[in-house]
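When the chains are written out, they are named A, B and C in that same order, and each has its own residue count from 1.
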Amino acid sequence: MARNPQLNANGELIHLLSTEGLPKAILTHILDTADNFVSVSDREVKKVPLLRGKSVFNLFFENSTRTRTTFDIAATRLSADVYTLDIARSSTAKGESLLDTIANLSAMAADIFVVRHSESGAPYLIAQHVAPHVHVINAGDGRHAHPTQGLLDMYTIRHYKKDFTNLSVAIVGDVLHSRVARSDIHALTTLGCPDVRVVGPRTLVPSDLSHMGVRVCHTLEEGIKDCDVVITLRLQNERMSGALLPSSQEYFKSFGVTPERLRWAKPDAIVMHPGPVNRGVEIESAVVDGRQSVVLPQVTFGIAVRMAVMSIVAGNVA
Amino acid sequence: MARNPQLNANGELIHLLSTEGLPKAILTHILDTADNFVSVSDREVKKVPLLRGKSVFNLFFENSTRTRTTFDIAATRLSADVYTLDIARSSTAKGESLLDTIANLSAMAADIFVVRHSESGAPYLIAQHVAPHVHVINAGDGRHAHPTQGLLDMYTIRHYKKDFTNLSVAIVGDVLHSRVARSDIHALTTLGCPDVRVVGPRTLVPSDLSHMGVRVCHTLEEGIKDCDVVITLRLQNERMSGALLPSSQEYFKSFGVTPERLRWAKPDAIVMHPGPVNRGVEIESAVVDGRQSVVLPQVTFGIAVRMAVMSIVAGNVA
Amino acid sequence: MARNPQLNANGELIHLLSTEGLPKAILTHILDTADNFVSVSDREVKKVPLLRGKSVFNLFFENSTRTRTTFDIAATRLSADVYTLDIARSSTAKGESLLDTIANLSAMAADIFVVRHSESGAPYLIAQHVAPHVHVINAGDGRHAHPTQGLLDMYTIRHYKKDFTNLSVAIVGDVLHSRVARSDIHALTTLGCPDVRVVGPRTLVPSDLSHMGVRVCHTLEEGIKDCDVVITLRLQNERMSGALLPSSQEYFKSFGVTPERLRWAKPDAIVMHPGPVNRGVEIESAVVDGRQSVVLPQVTFGIAVRMAVMSIVAGNVA
């Protein structure tokens, strides 16, 4: 496939599948559009009629109440009609293929599919098979990408730090398995961030990530030294015991962000986390609830960024 | 019960429980009304305010994500408020009777109940006990009836073939257990279709169906010979092994619709299926995705037909 | 905590957590406001725009399809956007704390949380931690309180009996474990009801309840003798066998309300039940369906009372 499947022939965004390969102008346009939507959630009437009468389908093949809810809220505040399919109980359980399910839902006159899937690439497959007026938004596919999380992280960084071109950003944790890390790295490098570091034990942060334009650090001190932004990643429970990591306590001892260690970063560094936080594993409670934490603003901005993405793709045709 | 429970004293439709016993004028009125709604789903704003402020309750005692979603979409595009009850987790699980559940929901000022139930007749029982302003739509009851599927099949046939009075229609598959087949047969004969054939092995198509006004055929060639419409039925997994059928491969060998066998029908014959399709069992992929297949238009028309049924019953009083 | 956490500094209702401690003027204001909403559900368009663009989150940590649906309907008829979180599958299942979940949902710009929780006091904890513009409504917490049920019971009694100050009200059943009974008792005594009796076996109705301003009766005859209102409580299945109660039949033999026994009460006494009814356990079918039963009007009034509570709290700020 020669052309970026996320863009139409005019270079306009028609699907959001990954932050990888998206031009800087598109990323910036999404963040600028989100600016307009941040205030909508503060209004008495938290709605704009931009997607009135449009049909948004939440297709969560992998469960995530939190992410699904943020998309539900974003679509509803754009006045769309939202249909959430309980995929586990649906026809796919009867042996229907993914593409047959999509074809059927398309025939119901869908406008946007929000897709989460445990298989990397599933949203791409869907995007290749929908009609020209239908848009696909990746809400997380396997270990591959979680572009709206990446974009809300960019929105948050820009909100607090204004300019990417002189920032040091550290991503701490299970980078190897993290679609959030991957989406953040691609967006940061595209937006001109000159110093992106990935930080964690060798089992979770392989040394050969330099092709992504990042610096690999295996100690927290080196990793967050003088940086402006510390993005902590969620440590999945299933990694905490076994071959990759001896225990969550061991992880915390070396890479948990505490108030003391945070002093290695710049005094005005912000601390981020995609949630839900494992307090006392990735990060100490005093940091989560402290003055440098922007974990809750991330959630708020996430609604606005998802409104921006939906309203932008809905305005373009393949 | 002397009067047809689906009609009021003026002969107007107040419940849709079965295509059986509905006069031709009512069936035609539903199809004509659906005509107006097909275009709604193509609009920028896919909504009309006909049921604004009405309360539609989806009561699916038997699970069906696909059918439930189509009713949800139809009601939402009519601007109704839709409440979907997770019946399995609700008070019926606490030992409350069906009629107590209905009485309670009626007291919440319901306007329409959309009911799917594994017991044949459950929607009739409910219709007998609701207040005069409340309407019941059968979304499938046991092996008895699935009238909106029957009506969307009629809409599809009329769309492609215009007139019922000179058509040959073949219904192929597990006719014995199919509420779709039953609803199709009643609608076809009422609408004046002179040649309805039911086709399948003796275990699934009993010979004594002639009282329904159909011809029984036990070979596919005889069944679809020169016909205009081939309706294939879904073969339920639970029938594929055991006494009724040796295996799904065996079934396909004799009754699966392939491009070659489809040549027995008229060259412009259409092929239908209620979905979800078991590719390679009832029908070969080349047929499902071929030029004669109208499987996806059926889905699109299904939304319009359900909008038509809801808007018609909501306008009448018992 | 010196101030009643349900009221702001001006004495206005900002959360509904319990009927206990609410002044008579507030209770009466809720019932008067509900009067205006009873007619809304009878209209052609069952909606008022009072909460348009507001976000109501249903947080049911304990399952209850019926109560959840009534809140869903009430919020929808006020034109709010309703988000129902499947808490069991959500981040709390991933080990996130209750307060982290609430903080995250607040960051999504929630206006009202409707909370049901198996732990007494959970809604209080939440109310203490939300932002000043966010409101918490208790939809049942442990054995503690179910204030909207208490208020709809008060609405029903006032509707049929006009004045509380000369009434005798009997609450029959498992008072010990009933949050409904507790909410009813506090509301009745605040509203000036001079004679509240609690009736049941010693295992379910402890003798030391007199501090609540009620009379304890251990026979049904003494309990409902000449009373105006009989509130029957649901007997939970889990109590029916074991230490507290020999069997449901035994309970019915002594405390089940039959047409014959109901003659002990005043001839115009009304019979109430919070539902779902165990016919033949708390109450005989002939009574549930009889002329003195107001069980279904309770359901109807419950929608109006919940609309009243939501519209009142949404108008006030902490």
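Keep in mind that, in the parts below, a contact is a pair of C-beta atoms (placed from the backbone, for glycine too) under 8 Å apart; a residue touches a chain by one contact, two chains touch by 3 or more.
A quick map from chain label to UniProt name: A, B, C = Aspartate carbamoyltransferase.
Only a predicted model underlies this, so the values are computations on that prediction, with no experimental measurement involved.
If you take chain B and chain C together, the chains in touch with both are A.
Under half of the residue numbers at the chain A-chain C interface are used by both copies of the sequence.
Chain centres here are Cα averages; for chain A and chain C they lie 41 Å apart.
In chain B, no position touches at least two other chains.
Of all residues in chain A, only 41-47, 63, 65-66, 69-70, 72-73, 76-77, 237, 275-279, 296-297, 299-300, 303 touch chain C in the complex they form. Chain B makes touch with chain C in their complex at residues 52-55, 81, 83, 85-87, 89-91, 94-97, 100, 103-109.
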